[in-house]
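This is the structure, below, for whatever I ask next.
First chain written, first letter: the chains are A, B, C and D, and each begins at residue 1.
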Amino acid sequence: MSEPLLSVKNLSVDFHTARGTVHAVKNVSWSISRGETLAILGESGSGKSVSANAVMNLLDIPPAEIVSGEIIYEGKDLLKVDYETHRALNGKKIAMIFQDPLGHLNPVYTVGWQIVEMMTAHGRPADMARARALELIKRVGIPEPEKAMGKYPHQFSGGQRQRLMIAMALMLKPDILIADEPTTALDVTIQAEVLALLKELQAETGMALVLITHDLGVVAEIADRVVVMNKGEIVEAGLTREVYHNPKHAYTRKLIDAAPGKGEIKLLDPAAPLLLDAKKLNKTYGSFAALKDVSLTLARGQSLAVVGESGSGKSTLARTLLRLEEADSGEALWKGRDLITMGRSELLGVRRQIQMVFQDPTQSLNPRMSVYQLIAEGWDIHKLMPDKSKRRAKVIELLEQVGLSAEHVDRYPHQFSGGQRQRIAIARALALEPELIICDEAVSALDVSIQAQVIALLDDLRQRLGISFLFIAHDLGVVRDFADTVIVMKSGEIVERGPTAQIFEAPQHPYTQRLLAANLDPDPDVQAERRASLTHG
Amino acid sequence: MLLKPILVGALLASTTIAPALAQADTDITVVLSEELDLVEPCMATRSNIGRVILQNISETLTELDVRGDKGLMPRLAESWEDKGDGTWQFKLREGVKFSDGTDFDANDVKHSFDRVFSDQITCESKRYFADTALTFNVVDDHTIDIKAEPAQPVLPLLMSLVTIVPSETPMEFVRDPIGTGPYKLTDWTAGQQIVLDRRDDYWGEQPEVTKATYVFRSEPAVRAAMVEAGEADIAPQITAEVATNPATDFSYLNSETVYLRIDNQDAPTNDIRVRKAMNAAIDREAFIGTVLPEGTELAVAMVPPTTLGWNAELSPLAYDPEQAKKWLEEAKADGVDTSLPIEIIARTENFPNVTEVAEALTQMLTDVGFNATLRMVEVAEHEQYYSRPYPESEGTRLVLAQHDNSRGDPVFSMFFKYDSQGTQSGVNDPKVDDLIARASAATGDERAALWSELFKYVHDDIVADVLLFHMVGLSRVSERLDFTPTIATNQQLQLSEIGFK
Amino acid sequence: MADLSIAKPAPETARGPNLFSMLWRDKLAFVAAVVLLLIVLFALFGPSLLGDLATKQNLRGRNFPPFSFERGWEFFLGGDSLGRPMLARMIVAAHSTILIAAGTVLSAMVVGAGLGLVAGYMGKTTSQVIMRLADVIMSFPSLLIAVVVLYVLGPSIPNMILVLAITRIPIYLRTTRAEVLEVRERMFVQAATVMGASHARIILRHILPVVAPTLVTIATLDFAFVMLAESSLSFLGIGVQPPDITWGLMVAQGRPYLNTAWWLAFWPGLMIVITALSLNLLSNWMRVALDPAQRWRLETRKTKNV
Amino acid sequence: MTKMIGQRAIASLLSLLGLMILVFFLSRLTGDPAVLFLPIDATEEMKQQFRALHGLDLPLIEQFARYVWDLLHFDFGESLRKARPAIDVVLEAYAWTLPLALITMGLVITTAIVLGSLAAFNVGGFFDRLVSIVSLVGASAPDFWIAIVAIVVFSIGLGWVPTSGVGTPLHWVLPIAVLFIRPFGLVVQVVRGSMLSALGAPYVKTARAKGVKNLPLIFVHTLRNGMLPVITVIGDQAAALLNGAVIVETIFGFPGVGKLMIDSILQRDFNVVLAAIMVTAVAIFIMNILIDLAYGLLDPRIRH
């Protein structure tokens, strides 16, 4: 291995808050060489982005404070150079792309302007910058580059925006590209494309790639080496294959074990009575058809997964069944009564029986209500549990059911972690003793280890209480672990349906096949195989 | 469609060049307190219009001397005589030209009065002839007979209130007044300025001031500051607080009288002891030199001392709070409910420091045991309380008001303020009615004696109201001018009286 | 977002930060809070304690200059044009001043926020009607409202509040509506709908508490604005009328004396400035303190000079 | 765009109609203009004549019908006091108010944006505190107080500018300066707050990662985003100025629409009040359209 291009040595960064100092990273060291791909793997709160931000001089100081360490690039300690020197390196030698390209691109300027600026900000002439920009936009696969230059970020799709970010980052042929969760918000098929693009470009330019991610699959797909971070420290580092197959640290093992998609596939109980029977649901927004003749059935105790990429209509389906949106046509019989045309008072009764768990518990729990208020609210609405003295005990019981405890009763949502919040949301849904819980991406915002726990909890509830689930997700691994029946949706239509085993093992529809192919496996060897088969096939 | 004139106007407005800063030595700038709505001769009795028009642009047949004691003087009329039977004959001055070049003659006089009485326009001067029918007989070009029914002993005085316009003047408010005066209107930019230029063909003596520019600022401090900064030469109506420079600031009785109007029919003020107590409760002297300027005089009549029939024997009721309390006790003992609420109604911006005056009055009344409260109202509401019919109230209301009579004769005041039919009267006394009727019809010494008797009766015998002060006006005059403001400055500002040092 | 999440401390141990300690950390805001507390105390107890002292006139001892204890503490800031002690009058005037400002802000906020909630939550038609109504109020000259109310109803403190409140309603209405339009799309509102919550419940329990901090911030700023507006009306002679007394009226009444007895207009003007300044500082602090994303600015002050 | 303006125009027309009806009837609750036009000792007959001349003796509803009918012929009626068409009086005054409002607002916008942005970038620093305190104190002082003190200091004491009036550009200095203070204090605060949150936005991080220098970072990348909430406040302040600046106009003898409005209200010159309200409402309507256009210009997401 040659002399490293960039090395971070013994970096410690603290964040100062009123409640005390948080050690964001402690003694973190890593380095990267030309042409190499290093993945920094960690869950939220692990401090995986901090060192990269320190490299880019992007930490807000205060509240951050760099306690110790050095960052060596071309023989200079980047933590000691002056502002102007560091600024001149940013973008030119070391470039960075981010998760959420929509937020990270300036909404009020054309992408062309923003890409060109990467060069003009470093003193290159505008016409040269423009030519280079056109070339790169074409290279990253954006159709009609000339036209694209004059468009604004919101006029592109998520994948295109990330491609544009990449184009912008490569304008000055940097030595190092830091990619912070570059594919997290993207659909699986798009994710695969973007990762492939990054790999190609790396091969072309020989740049070093630092990839910050929480996703083992991404690591398996792209990284040569990986460092695993937990609670601000590097717990393990090494070649990707070795770390996956031979994890030394308990945390790494836990992380690998938690990766979904390896459990036993469930079977549907054919004798269960029918609960919901939806027929030919249609919903359009203007000229856009969100649902086209969607029909489904759901039996008591069944867990039905609806799979699809963004824009497939899966969320609209849930919202329509919950009467958050009015369907244009069709019917949805709930125990024989049509949900779509039901009157207000009858609907109120049904609302008790159908509950929903949303994707982001941070947003679905009112930040100004305590856990007790959140869970007990349903009783107020439905005039249940009139004996208020018993409510508290029941709330505690529910909390314990979802793995929380009595001490949490009077706290507020912001005092919990993401996984705990989702448990609270589930406890709230359970409070009304529903017969069906609709989960709209209920675990996709959670870290993998927590994801596994929540899925286990839901499955436990299904078995113990006989609750049915309509499980909307884009993550195939999770679906495979939880669902007994799967519906695949694309552009508002159901393209394939069947028992989970059938969908995963013998997918019929090409789209389903593509989805499964794009799904990244945490095992680097599996991924390498797939890549090989794709290039050859 | 509305935008264009605005833009054009804005363009014009921003390019207008100021005349105020560069002027000839004999040009002056006068800063008035409020803008003129109209520059209409027949509205010249409205004080802000009068200050610009009266005797500068438009002249009257007669003129009351306010500087000396010459009484009524000729202006456009050279002489007049009572022909009996209510008819007065006026001999008009010859060789007088209007500023539009036409000659002044008897038909112009007749036309001027026709305008006043026309139902096409609302001329202020009409009010002086409320119950009097005038007929005009043009004897020749420069002689006119005016017959009043019923006979009007002060008709020549009334002639000092009607401005003469050419007979071509239309029966509507004009914006370019034509008059016989020494000045003519040359510019009127609404909101900004009015400019008068001296005429070359004036019949009388050429005044020294060649050009007068009138501008308008409502803040007294700003008006005073403008003279101080050399931006203006005369600032009438400044306040005592800013009038601190004896070299430039003049005070003079301004013909305004401030008083508390008492409704003599209301309880408890229908009892004379209550009215006397009110008078005795007020420490009038304490106001002078404090909230009111030095020079303010204690009032014993509704009209200023320069008025016909002035009764010099009267003196204000002494400030005696103990006596006031005693009178109140007595009244109370006789069953008068002295605890009834008494609301003092005062008008904001009525005169400088009106709020302080009203507050102090209220306090003084409260101190001797009245249940007095103060209510400050704006002009329209004040009018409601001041003029008949008076709104009902639980107790009674005292209206703090200011009355102006610079006309030299009490007839312009006494009927309105004291007659049982008077619009602002709180009195219903047959003797008062009788005295007013007789005095109005009388002439000469008899007239003076009757007015005098009325003043005494109202003030001493029935104690009809709380007469407070004869006010002084304060004006700042640039040191380069030779000009002393007088009682008339309230109503007019004759440019011809202004000289240069 | 990964790096932001580290900025948050371990959630399990976290209790809400103590507001008082956060206030103590921003010294300027702390002083502002103390000043406001003092003014509120003046407003509450001033008239009953000093009412007589403040109205005792002495024409011959008017415009007594400040900074002398010759005539007692109450004349330390001088005497006014009727010889009444400035200090006592200012303390007494706090009552009406605060009453008017608070009454105006509260009533405008309640009505405006109420209409705003309805306009934001209900359908397009209701919203349009309410917004057009707001437009009408906005373009209706406040001076005309003042004259109409004063003429028809007479000058009194409740009427003053009415006049000023009418003109302030649109601010709250528009802000509330804009916020509601955003908040009602939030997940927890949908979660409540799914649970079967009624409109009233959603508005009052879920939307209002989220909108409230913004309203409170605006209200603090508006408080100062109302004091100034009231003062302007006094200047024009259509504001509060004696014997009622407010700082704004005192400034307006003292204005002729700026040359000769500056203290008449200066002290009450200073009180308005101080109150407005304190409210602004406090509101700035609140904006940060109530916003979880910016709260660290207050929390870090202990260890770092910001 | 045209459709949007059309809809706005219709909505505004409705508001304007409502406003007119409200003002027409409410103003007539405030007493009899004849009493105020004529001297206190005028006879009842004179008052009657005045009312008859101006149609004030008709039943209220008929007066209103006549007014609306005339209005449809673009006749705003005569000023009761000035014996001139009310619309002329108002437009003359507006020709003064408009440049005053525009110049003041232009100065407010430029200075507030520059100072507010720098304060936000330097948050918590000395410059930030200075800007905050100065703007707050300025915005909290009664404007008539500032105006009179300014005259005393700058016109009489120092003699730099004329006390009052209009004419030369120097005459505009004090009115604009006094008028400037309050909106500046408000806008600078909003700019600061808005820039503060805009500077925390992800795209600023991108720009920093690109190596963009500080000045373009603030004034190119952030400002255009940070301006969006500011525009609303600027609109409110501009609307207030377009309504006329009563106090400043009164003190400085500036013949604008604010002074005209208060005088007309106090004198019950109904036609002028109505005309003034309608002209200012139209001006504010046009300004609102401009604000909407500005939004579209600044933010392509609104445009598309």
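Criterion: a contact is a pair of C-beta atoms (placed from the backbone, for glycine too) under 8 Å apart; a residue touches a chain by one contact, two chains touch by 3 or more.
Each chain and its UniProt protein: A = ABC transporter ATP-binding protein; C, D = ABC transporter permease.
The model shown is predicted, which means the values in this text are computed figures rather than measured ones.
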For chain B and chain D, chains touching each: C
Of all other chains, the one whose Cα centre sits farthest from chain A: B
Of A-C and A-D, whichever chain pair has more C-beta contact pairs: A-C
Cα-centroid distance, chain A relative to chain B, in whole angstrom: 86
Centroid spacing, where centroids are CA-atom means, of chain A and chain C in whole angstrom: 45
Distance between the centres, which are taken as Cα means, of chain D and chain A, whole angstrom: 50
Between chain C and chain D, centroid-to-centroid distance (C-alpha), Å: 22
Chain A residues counted as touching two or more neighbouring chains: 100
For chain B, residues contacting two or more additional chains: 221, 378, 380-381
Set of chain D residues in contact with two or more other chains: 30-31, 148, 152, 250, 266
Pairs of chains satisfying the touch condition: A-C, A-D, B-C, B-D, C-D
Chain C partner contacts - residues on chain A that touch it in the complex: 15-22, 24, 44-45, 47-50, 53, 62-63, 65, 99-100, 180-181, 212, 214, 232, 322, 324, 347-348, 351-352, 354-356, 358-360, 363-369, 377-378, 380-382, 412, 414-417, 420, 425, 428, 432
Chain B to chain D touching residues, read off their complex: 1-3, 5-10, 12-14, 16-21, 35, 37-38, 40, 45-46, 119-122, 124, 126-127, 130, 172-173, 175, 190-192, 215-219, 221-222, 225-226, 228-229, 231, 378-381, 383-384, 386-387, 412, 416, 423-424
Contacting residues of chain B [partner chain C, same complex]: 220-221, 239, 241-242, 244, 283, 286-287, 290-291, 348-349, 352-353, 355-356, 358-360, 362-363, 373-378, 380-381
Footprint of chain D on chain A - complex, ascending: 56-58, 87-92, 95-96, 98, 100, 103-110, 117-118, 121-122, 152, 154-155, 165, 168
Residue ranges of chain D touching chain B (in the complex, touch as defined): 30-32, 35-43, 45-46, 49-50, 52-53, 74, 79, 81-84, 89, 91-96, 98-99, 148, 151-152, 155-156, 159, 162-168, 171, 250-253, 255, 259-260, 263, 266, 268, 279, 282-283, 286
